[in-house]
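We call the chains A, B and C, going by the order they appear; numbering starts again at 1 in every chain.
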Amino acid sequence: MRHLISPMDFSVEETNHLLQLAEDIEKDPAKYSHVCAGKKLATLFYEPSTRTRLSFEAAMLNLGGSVLGFSSADSSSAAKGESVADTIRVISSYADIAAMRHPKEGAPYVASLHSGIPVINAGDGGHQHPTQTLTDLLTIHSLKGRLHDLTIGLCGDLKFGRTVHSLINALVRYPNIRFVMISPEELRIPTYIRKEVLDDHNIVYKEVEVLEDVMPELDILYMTRVQRERFFNEEDYIRLKDRYILDTAKMKYARPDMLVLHPLPRVNEISVEVDKDPRAAYFKQAQLGVYARMALIMILLEVEPC
Amino acid sequence: MRHLISPMDFSVEETNHLLQLAEDIEKDPAKYSHVCAGKKLATLFYEPSTRTRLSFEAAMLNLGGSVLGFSSADSSSAAKGESVADTIRVISSYADIAAMRHPKEGAPYVASLHSGIPVINAGDGGHQHPTQTLTDLLTIHSLKGRLHDLTIGLCGDLKFGRTVHSLINALVRYPNIRFVMISPEELRIPTYIRKEVLDDHNIVYKEVEVLEDVMPELDILYMTRVQRERFFNEEDYIRLKDRYILDTAKMKYARPDMLVLHPLPRVNEISVEVDKDPRAAYFKQAQLGVYARMALIMILLEVEPC
Amino acid sequence: MRHLISPMDFSVEETNHLLQLAEDIEKDPAKYSHVCAGKKLATLFYEPSTRTRLSFEAAMLNLGGSVLGFSSADSSSAAKGESVADTIRVISSYADIAAMRHPKEGAPYVASLHSGIPVINAGDGGHQHPTQTLTDLLTIHSLKGRLHDLTIGLCGDLKFGRTVHSLINALVRYPNIRFVMISPEELRIPTYIRKEVLDDHNIVYKEVEVLEDVMPELDILYMTRVQRERFFNEEDYIRLKDRYILDTAKMKYARPDMLVLHPLPRVNEISVEVDKDPRAAYFKQAQLGVYARMALIMILLEVEPC
């Protein structure tokens, strides 16, 4: 039985297979509309996340399956002191596969150790969010046609942003990937990513503070939200949150085929005026997230197209 | 693509078509039990409302579709600062149609401007609640056989009660409608309704303070809840909330074929002893609300009976 | 129309029929996978309870039906002051059967009096939780092959634990049942159970304070959680909660075929090291709870296997 806890749980070959399946689902969704009939997905969200939860639910419903679960810890047995290990053991009798979001790092991993059904990490604290990474890879692959030979700009909160860390980890496995890190000094990528991931893979990268300077180099600009909850004090948040806002003025520096990605939700780090730009791919990205999760559910449940 | 934001979005002809469809659904629900197979309804409830949400969910399930969504803003991305516009753009990839309740007036309208799927306003603040209006029209049409030549009593909170305002707007489009407004001085209908709706349509109406006096004239008595949250202070609420309680004593003044309607939930504005009176139609009204929503979903999704 | 409000609503014969049906469902679930197609279960949870709610939802989905509802009172019309009687009357138009959890004793009973659909009590305050009792009976019957000639140890909070009270009530109807009550002085079973249930049925029982002493006598050891919310002060809770922890050392005193049951969630009253013991039946019990609820839904809806 397979789980998906870290974006790196799947090999490059397995990831490529998933992306191909997702792209086939997008082409012919009717072919997949009953493959999970009679199967149940449990959405175990100890921390609210509408977007991710509903994306999983849409994915399972699109496959003909059904969904049960909870959307916050308040309405779960966790409030009564139950361990994640016990919860997943019981849920294993209720559902065929589970997607778990948890504020504590490692909780989905612990769950997977005690589970009788495949567990998908739907985000654990500031740690990992592998289905976002699969979504990001699918978006790049679908819209650029490749996952190699790319210059990726990563902009915003690179210190706490788990989606950025996971994306770096995933992309360094493909040939000729170059990163441009755009962030304030205070929110630069952590040393362990720099040393253990980038340096170890001999990845070329640079770190800058000004977005406009590097725009012309980028194939992809991955924007991230500066999350209020990551800051120790409100002043730092207010001072930093608006520094890396993408607007139409900055988009003029970008290549005509550059893509703007964002894991969403955005607050104001991308001006709404950019939404009309054909290079704005973040809503398409959300749509592709459903296909990525459909493919993932099929692979973990080992179901085949009808 | 159509949305339903205001009760007036549908013409009289369109409304009549919807009511006919709803009545056919009531007669032969099996004929409609699979028409939305594979379709998904998103219930986006930024403000709790069990009755309305579950009515929508029952409607979609009755049509063979499925449901995803959230039941309060706490468990939504709104808590992270996301705009309604962004949310609906993402939800457009997750579902085929959305029902949105929001505490802010106009939020469902804003959503409809950015949506890729039909949006139904399931109540926006004190503003509008068009599916309640459709339910009210369906109840009157089903049980009285007509929407014209009626004297409608409106009782309770006529100042803040959005269902009353919407019902007035909807009914003035039919011939020979007469209103009797029964409320305390403090909760009389707003001037803009009086001037822009009633006077402009040359509608005959009167305003009274005592319910018993006008009971014998009424074809319909539409009771409303005096909502605690609409009052600025607790004293006003306590003083006014019990003044217009309908009981069996007052029902003796009513015609044998008068109908009592209420949008529910009621607190104590209708005594439970009235429930057994055959003229009490408010639970039937709740039932018809499901058929009204089934018809609405079918029309907006442009699906036909099998 | 039948409801299930108290574990005693079903006669011994009816209970036995339900257990047989549940055991047949476990053997051949595919035979039952569409028997409730087109039927809807409403889960009306005025108090959070993930385990029970999801067990009901899994049960209905396994039968091919669908589910709607709410998982806490915050997101229900109760917050607007609506009575349970009104809520169930409306829900009767939305669903075919309802499962209700409520913090107030008797609420599901009141609901059943006004309901147009079968109501299942999914737990009302410290009062009753009949589907847990059916689950317990099913577990004992499935794993021991009988509900008679058994010595049942009941350990932990016997004063407030409603599952224990219900189980006693249910088991005294079978021949040759003997109880061993293991609890601190402060949490002994209430006098009314002792007098009205045990004495009236001439049931042999004893009350002890030390678990190890009686382990060798037991066919079943039913452990219960010492719930923090049942205590008037935190000190009492801390002093008592750890006194009756089951661990592998204590399990050495037990018979090789003794079963350990627990209604779950557990906090630490059963050490996780016991989970690997083949006599630990509490996760199997949770699984059987789904089958018990499937059988119950079928019986109340009067549906037959296809």
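Just so we're on the same page, a contact is a pair of C-beta atoms (placed from the backbone, for glycine too) under 8 Å apart; a residue touches a chain by one contact, two chains touch by 3 or more.
Just so you know, these numbers come straight off a predicted model, no measurement behind them.
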Determine whether chain A and chain C, two copies of the same sequence, contact each other through the same residue numbers or different ones, counting it as same when over half of the numbers at the interface appear on both sides. different
What's the rotation angle, in degrees and to the nearest 5, for a C-alpha fit of chain A onto chain B? 120
Just the number, please: Cα centre separation of chain A and chain C in whole Å. 40
Residues touching two or more other chains, restricted to chain B: which are they? 66
Which of the residues in chain A come into contact with chain B in the complex? 33, 45, 48-51, 54-55, 57-58, 61, 66-67, 71-72, 225, 227-228, 264-267, 272, 283, 286-287, 289-290
Within their complex, state which residues of chain C touch chain B. 38, 40, 42, 66, 68-71, 74-82, 85-87, 89-91, 93-95
